[in-house]
Amino acid sequence: MSLFAEAAQFLTDPAHWTGATGIPQRLLEHVGYSVLTMAIALVIAVPLGLWVGHTGRGGGVVVGLAGALRSLPTLGLLTLFTLLMGLGLMPPILALVLLAIPPILSGTYSGIAAVSPALVDAARAMGMTESQTLFRVEIPVALPVILGGIRNAALQVLATVTIVAYINLGGLGRYLIDGLAVRDYSRMLAAVVLVAVLALAADAVLALAQRLVTSPGLRSTGDRP
Amino acid sequence: GGGSDPLADKNDDASGGSSDTVTVGSADFPESQIVAELYAGVLRDAGVKVETKPGIGAREAYVGAVKDGSVDVVPDYSGNLLLFADKKAEAASSGEIMKALPDALKSQDLSVLDASKAEDKDALVVTQATADKYGLKTVADLSSSCGELVMAGPPEFQERSYGTSGLKQKYDCSFKSFQPINDGGGPLTVQALTKGDAQVADIFTTTPAIQDEKLVVLEDPKNNFIAQQVLPLTAPDRLPKEAVDALNQFSPKLTTQDLIDLNRKVSGDEQQNPADAAKQWLADHGYDKAS
Amino acid sequence: MTEMAIRYRGVSKVYPDGTTAVDNLDLDVPSGSLTVFVGPSGCGKTTSLRMLNRMVDPTSGVVEVNGQDVSSIPAAQLRRSMGYVMQQSGLLPHKTVEDNIATVPRLNGVSKKESRANARELLGSVGLDESLATRYPAQLSGGQQQRVGVARALAADPPVLLMDEPFSAVDPVVRQDLQHELLDLQKRLHRTIIFVTHDIDEAILLGNRVAVFARGGRLAQYATPEELLRAPADDFVADFIGRDRGFRSLSFENAAVALQPVTVLAADTGERTVVGPGSENPAPWQGTGAAASSDWVLAVDERRHPLGWLPVRSGGEAAGREELRVGGTLWHEGDSLRTALDAALSSPSGQAVAVHEDGSVAGVVPGEDVMRAIEEQRATRHHGAEQA
Amino acid sequence: MNWLTNNWPAVLELAGAHLMQSVVPVVIGLLISVPLARLAAGNRWLRPLFVTGSSLLYTIPSLTLFVVLPLILGTRITAVSNVIVALTLYVIAILVRSCVDAFESLDRDVLQAATAMGYKPARRFFGVELPLAVPVMIAGLRVATVSNISMVSVGAVIGIQSLGTLFTDGLRRSIVAEIVVGIVATVVIAVVLDQLLRLLGHTMTRWQRTGTAAPHASARRRDDTGDGADTGGARGAAGALATVESGGASA
Amino acid sequence: MTEMAIRYRGVSKVYPDGTTAVDNLDLDVPSGSLTVFVGPSGCGKTTSLRMLNRMVDPTSGVVEVNGQDVSSIPAAQLRRSMGYVMQQSGLLPHKTVEDNIATVPRLNGVSKKESRANARELLGSVGLDESLATRYPAQLSGGQQQRVGVARALAADPPVLLMDEPFSAVDPVVRQDLQHELLDLQKRLHRTIIFVTHDIDEAILLGNRVAVFARGGRLAQYATPEELLRAPADDFVADFIGRDRGFRSLSFENAAVALQPVTVLAADTGERTVVGPGSENPAPWQGTGAAASSDWVLAVDERRHPLGWLPVRSGGEAAGREELRVGGTLWHEGDSLRTALDAALSSPSGQAVAVHEDGSVAGVVPGEDVMRAIEEQRATRHHGAEQA
C-alpha cells in the first residue's frame, strides 16, 4: 500500500513539476517522440495500405509484412540501431516507427479491403474515377477501421516510447529506467500512472476524432422506422 | 517470498546446503559473468561439483537468489554491496568497507569471502584533449570548468551518494547537464565521450576502452568513489569448506589488469564468451582441472 | 434524347475463366422504350447490361449507344450519362439520402445546394417523403432504399437507365408498388430503360419489349410481351414463361364487351333497382325483363359499391344478408379482357360486375359475352394474319 | 555469424526460455479470455467494462508491469512467473477484444437454428459458437502471440533471461552480431508460431473455403430488413477480422 | 403421430418495445396437414411459428401441441421434436452436409455412424445426390442448401415441421422444384407442417389450409385455398390475394369435359389423320366430318407430339410450315379447369390441345366446351349451396 502512497507523493511533490527533469518536460518529450513516430509511420503506412487495399494487389504481402514487423522486438531494434548509428534521436524513433507501422498498415489495408465490393461497383458505375472511388467511397466507409488501427498504433507507441529512455533519451520512460536503476518502485509506479493517463487522454482524443469523422450512417441502424 | 515461483522451487532441489553441487551465479553484465566463470573453474579445480547460472540480473535479483538458495555464490563488488546492505553506510576506503561489510550482511543472512585486489569502480574519465584543454588531472581540477561540461553516465549516477550530489559536496562540481546512458559505462558512453556529446563520463575502471582510446581517468583524492573490490557473495555455511578455501586462495591472484584484459576479450573485437575467456585465464594460472 | 437508341452487334463475352456469358448478341433497343432482359440465373443478363456502361468490356462485337461505339467514350463520362440501379441498392452508407441522390450531379460539378434541392424534388417523384432526405441508408427499409436508388439513378437526368434486378430484394407487396411507380415514371419521363429481372411476370408487366436469354448467353427471343405469350419462339421460352400464358395474354386485349343491366339491392333500404348502361338514374325494379329473370341480385351499399351477390329464391324473393356471397374481382370500363374474364369467373353469378371509376356499379357482363369477345378477337387476329 | 557459431548453445537455451515465456501466457490468456469474452459479448454492462479495461491494460508499459506487478503480487521481481503473469495480462488485453468481436460476428441465423434444433446453451457454445468463432479468434491469437514474442525480450532489461538478453548483453559488449542473432531468432520464433497458428486455423476452418459454391446463392438474399448487412462498412465477420488484425500490443 | 394437432388459444405476443406481433390468435391446426401462414411483412407469422417451439414465449394465451401446453415441455426437448427450416437455411457452416443433417439425432444420442447413414438416405429423399454428403454448406448452391435444411429438419423424424419462408431466398425456377418436392414429401410422410410465406401463390399451391395474417398480428382468414380464392373474408384478404382469383380458383375444379377429334398433319410425311377419343388407331382424314371442317390443322411430329397449328386455306389445303403458329399450353387428362381454359385461350385455333401422358395428342377441347364446364360447375356449386 505504501508503494502507492509513495507514488502519489512523488506525483504531488511540486519539485517534480518544474525544471528540465520535471514531469511537464518529460510529458512534453514523451508526446514529442510519439507524435514524431506516428507522423513518420502514417506517411509510410497509410498510402501503402490504401494502395494495396484499393487495388487488391499484394494483400498477402502486406499481411505477411505486418506480421513480420510486429514480431520485431523493439528493444532489439533499439539496441541494434543505437550500436550502428550511435546515440541520437533517430535510432529510437526508427525502432518505434517499425512498431507503429503494422497496426496502421493492416488497419488501413483491411479496412479498405472490407468495403463491400458491391459498393465499390456502385461507385464505379456512377462514373467515379478510381481516385474518386477511393477518396469518396472507400476511405469514408473504411474510416472507422483505419482510425481504429491508428488508435492502436498510438497506444502502443505511447506505451513503448518509455523504452527510448533505456538508451539516453528523455520522456516518461526516464522515470522508469532511472527508477529501476535505483530500485525506486514508487517512481516507476508514478511513471506508469502518467503514461496511462497520457494514453487514456490520447485515446479519448482519437476516439472523439473517430466519432467526429465517422459518418453517422456507418453507425446507426437503430432509429429506423 | 518466492514460494510461488515454480522455477525457483525446482532449483532449490538442485542446489543449496543439502546438495553437494555448488551453483555459481552472476549478474547480467559481462564482467560479472567472467568472474563467475573464474569462480566456477577454481571450484572445479578444487574438486567441487559446479553448476553455473549466469546473467541472473541486477543486484537485487542475484542477492535474492543467494538468499533463497537458488544460487550459492556470486561475484560482487564490495562498495556497492555495502551500500545495498546499508544505505546509510559512510565507509569509502577498501579497508573501511571490508570491515563494515560482514556486519551489514549478517542481518540479511549473507556473507562474503576474501576480497581480491581487482577493483572495478566508478571513475570520472575525460579524453586526452579535454584533459589538456582544461588542465585536468584530478576531479578537483574540474571545479572551475564543471559548469561548461556535459557529463555522461548511467542513470543512477544522478541518485547515488557518490554521484551528482557527491561531486557537488566533495568537489563543488555541478555539470552543465547530465546525459544518462544505460549501457553500464559501455561502448555508448565511451562513444559519447569520443564524439564530444559529453566531455566527462562515469566509466568503470576495468573498461578496456580507457586504455584503448587513451582516455584519462581523473584521480579521486577525496575518495568520492568508494572502493569496489571484487569478492564472492554467499550465505553463511552455504559453501563446503574446500570451496571456501579455493575461492579465498583465488581472490588474491586476480588483478584489475586481469579484469581489463578479460573484458577486452569478451567485449572487444574478439567477442569471446565469458566462459572461454575465463578458461584461458585459469589455464594460464595453473588451474589445470578447471574444466 | 430521342436518339438514345442502344444496339448490340455480334457482341460476345467470354470471362477469363472460360465462361461464355454472352454469345453473339444482336439486339436493337429503340430509344425511349423500357426493354426487359429476362432469363434464368447465370444466363448473362447482368453481363449484357454492364457492357453498356463499360463495367464489362465485350470480348468481341460492338456496343453502340446513340450510334456511337461505347468503347470510344471515356468510361467515367459514359457512366455518368447512364443511371444504374442495382439489386442491393448500392447506396453509399456514409452519406445521407439527399447526398446519395446528389452524387452524380456533384461529380458533374453541380453545386451542393442545387444538387440537394434537386435531390429533394426527386424524392417526391419516387414516392418518398422529403423528411427522409437527411436520413442515412441504414435507417431506411429495403423498399425505401430501392426507391432512393432509383432517385439517384435519375438525378443526373440521364437519357439511359440501367436497372439490374432492382426490386428482387424487396417483399412482394412493396415490389408491386415499386413496379407501378416505375411504370408511372416511365410514362412521364420517357427514358431508354434496360431492366434486368429473372421474373417473367415482372418482365411482362414492365417491358415494352422483352429479351429472353437462355443459358449460355444466347438470346432466345426478343419480342413484345404480347407476342411472347402468344407465340413463344421455342420450347425454352414457352417453358420459361410458364403456365397461364393464354390467360395472361388477354391482358393485352381491350375488352370490347357491352354492359348489361343488373338488378341491385340496396343493403340499407332493401330497395331493388335495375342498373345498366345508359340509365343514369337507375330504373325501379319491375320484376320483369332480362335483368329481373336472373337467379341473383347484386347487393350494394349506399354509394352503390358492390357488396356481393344474393341468390334469388324460387319465389323471386332475395335471400337474407347472411347468405351474401362476397363478390368477385371487378371490371372497370377500359380494362383488359383478362380482367373481364376473371371478374366473370370469380363471380358467384357468373356475371362480371362492371364498375364506374368511382367504384359504383355500372352493369354486368355475362361470362358468355366475355368468351364471345375473346373468340372474336382470336378470329380477327388470325384472319388478319392469314390475309397478310 | 562467427559469434553465433561460438555461442549457439547459449542462444538455444535463451530461445527455449523465450519460447516458454511467450507460449505459456498465450495459452493461459486464451483460456481466460474466451469465457470472459463470451460473457461480455452483447452484454450491455460487461462489454464496455471489459473492453475499456483491456485497452487500459494495454497502455501500461510492459517494463513497469514486470517491475510493479511482483510488488503487488508479492512475488520476487526476477521470477519468470512475473513475466508470465504480466504477459498473460497483455494477451488478455488483446484477446478479450478480439474474442468479443469473434462472438459478436457470428451469424445470428445459425445460432438461432442451433437453438431451434434443441441445443442446450453449453453444448451450443462448444459445438457451434466456439468453432464458428475460430477464424476471428485465430486472427486475434496470432496478433497476440506475435506481439507477445516481441515483448518477452523486454524482460531482459530487468535481468530475466530470454533472447532479449542478447540485446542488453550485445549492447554492453558492443557486439552487433549478437543483437542481430537475437532479432532474427525472435522473428523466426514468431514466424514459426504464427504459421503454426495459421495452419491450425486452416485445419479448423476447412468449412470456410468454398470449392464449388454457386456464386449466386448468397447474392440472392432477400434483405428487406435494411440492417446494412450488405451495404458495406465494417460489419460482420470481415469487419471483425479487419478490426482484430489492426490490433497489437505495446512493448 | 395422428394426434400431433396444434392449437393456439387466445395467444398474444407483445414485444418489450411495445410492438404487438400477434393479437389474440385462435387457431386449430389438424394433425398431418400442411398449413400455411401467409401475410405481409411484419404481420407476426414468424412470431406465431416460433411460439410453437418456444423460441418465443407468448405474452398471454396458451399454445398446445397434441393437447399439451408447450410451456410445460422443456424447451430443448420440445425443439428436438420439431423440425425447423429457416429462410436462410441456417446450416451450421462448420459441419459437413451429412453432419448437419445428423445434428438432432446426434443431440438425441444416436451414434455417429447410424445418424450419418440415415442422413445419406435423407439426401436422396430431398432430391440431392449422396456425393454431396461430405461437402460443406458453403460449397452448395442456394437451392441445395435449402434442400439440406429440409433434410435436416426431417432427420429426427419429427411429427411436426416448422418452415419459415424456406424457399424465398432461392430463384424462382429452383423454388418451383422445391415446392413440388415438398408436396411429394408431404404426400409420403404426412407430417403436421406449418409453412410460413409471404407469397400468396406459394400459400395456395402448398397449403391444405391457409391462415392469412393482417398487419398488427390479426388473423384475417383461415380457410382452404379454394375458399380463400372464392370468398375472401374481407377486403384485406381480397386485396392480398390479388388479381386473377377467379381464374386461379379454377385450379381446384377437375375439368369434366369431353374430348373432340382433331385433324393432325404429320410434319414429316405431310399425311393427315383424325385423332380423337376412342380412336386408338387414328382414322385417315376424309375431308369431311366435324374435325375436317375446322379452319386449322394441328401439326405433330413423328411421335405425334403437337408442334403447332397451321391455318387451312380456303381450298382445304393446309398452309406451309413457315406459317406454323407455335402451340399453346397443353391439357393432360385429369388436369384442372384452369389448365383447360388456358390451353384453349392460348391456342391459335381456340381449341385446347389435350395430350396423353406420353405427350402425344389425344384430341381437342373447344373453348366453348371449357366455358360450359365452368358454368356448370358454378351452377352446381351454388345450387348445392342454396339447398344446404
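Order as written gives the chain letters A, B, C, D and E; numbering starts at 1 within each chain.
Note that a contact is a pair of C-beta atoms (placed from the backbone, for glycine too) under 8 Å apart; a residue touches a chain by one contact, two chains touch by 3 or more.
Since we're looking at a predicted model, the values are computed, not measured.
Undergrad: Quickly list, by label, the chains bordering both subunit A and subunit E.
TA: C, D
Undergrad: Through how few touching steps can subunit B be joined to subunit C?
TA: Between subunit B and subunit C, the shortest chain-hopping route counts 2.
Undergrad: For the pairs A-C and A-D, output the one whose chains share more C-beta pairs in contact.
TA: A-D
Undergrad: Select the chain at the greatest separation from subunit C, using centres from the mean of Cα atoms.
TA: That would be chain B.
Undergrad: State which chain is most central when centres are taken as means of Cα atoms.
TA: Located nearest the centre of all protein C-alpha atoms is chain D.
Undergrad: Could you please state the distance in Å, as a whole number, between where the Cα atoms of subunit A are centred and where those of subunit B are centred?
TA: Centre separation, subunit A to subunit B: 40 Å.
Undergrad: Find the geometric centre of each of subunit D and subunit E from their Cα atoms only, then give the gap between the two centres in Å, rounded to an integer.
TA: 53
Undergrad: What whole-Å value do you get for the distance between subunit B and subunit E if each is reduced to the mean of its CA atoms?
TA: Chain centres of subunit B and subunit E, defined by C-alpha means, are spaced 94 Å apart.
Undergrad: How many angstrom lie between the CA centroids of subunit C and subunit E, rounded to a whole number?
TA: Their C-alpha centroids are separated by 25 Å.
Undergrad: Quick check: what residues of subunit A touch more than one other chain, meaning two or more?
TA: 82-83, 118-119, 141, 166, 218, 221, 224
Undergrad: Enumerate the residues of subunit E that touch no fewer than two other chains.
TA: Correct list: 41, 171.
Undergrad: Give the residues of subunit D touching no fewer than two other chains, as numbers and ranges.
TA: If we look for residues of subunit D contacting two or more partner chains, we find 156, 158, 168, 171, 174, 216, 220-222, 224, 226-228, 230-233.
Undergrad: Give the list of subunit C residues in touch with subunit E in this complex.
TA: 40-41, 171-174, 198-199, 229-234, 238, 243-247, 249-250, 295, 311, 325-326, 328-329, 338-339, 341-348, 350, 367-368, 371, 374-375, 378-379, 382, 385-386
Undergrad: Which positions of subunit C touch subunit A when the two form their complex?
TA: Residues 53, 55, 75-81, 84, 86, 88, 90-96, 103-104, 107, 135-141, 152.
Undergrad: For subunit A, which residues are in contact with subunit D within the complex?
TA: Going by the criterion above, the answer is residues 3, 63, 66-68, 70-80, 82-84, 99, 102-104, 106-107, 110-111, 113-116, 118-119, 141-142, 144-145, 148-149, 152-153, 155-160, 162-163, 166, 173, 176, 180, 185, 188-189, 191-192, 195-196, 199-200, 203, 218, 221, 224.
Undergrad: Where on subunit D does subunit E make contact in their complex?
TA: Answer in residue numbers: 107, 109-110, 112-120, 123, 128, 131-132, 134, 205-214, 216-218, 220-222, 224.
Undergrad: Note which residues of subunit B are touching subunit A in the complex, please.
TA: Touch list, subunit B to subunit A: 60, 152, 154-156, 158-160, 177, 179-183, 187-188, 191-192, 195, 197.
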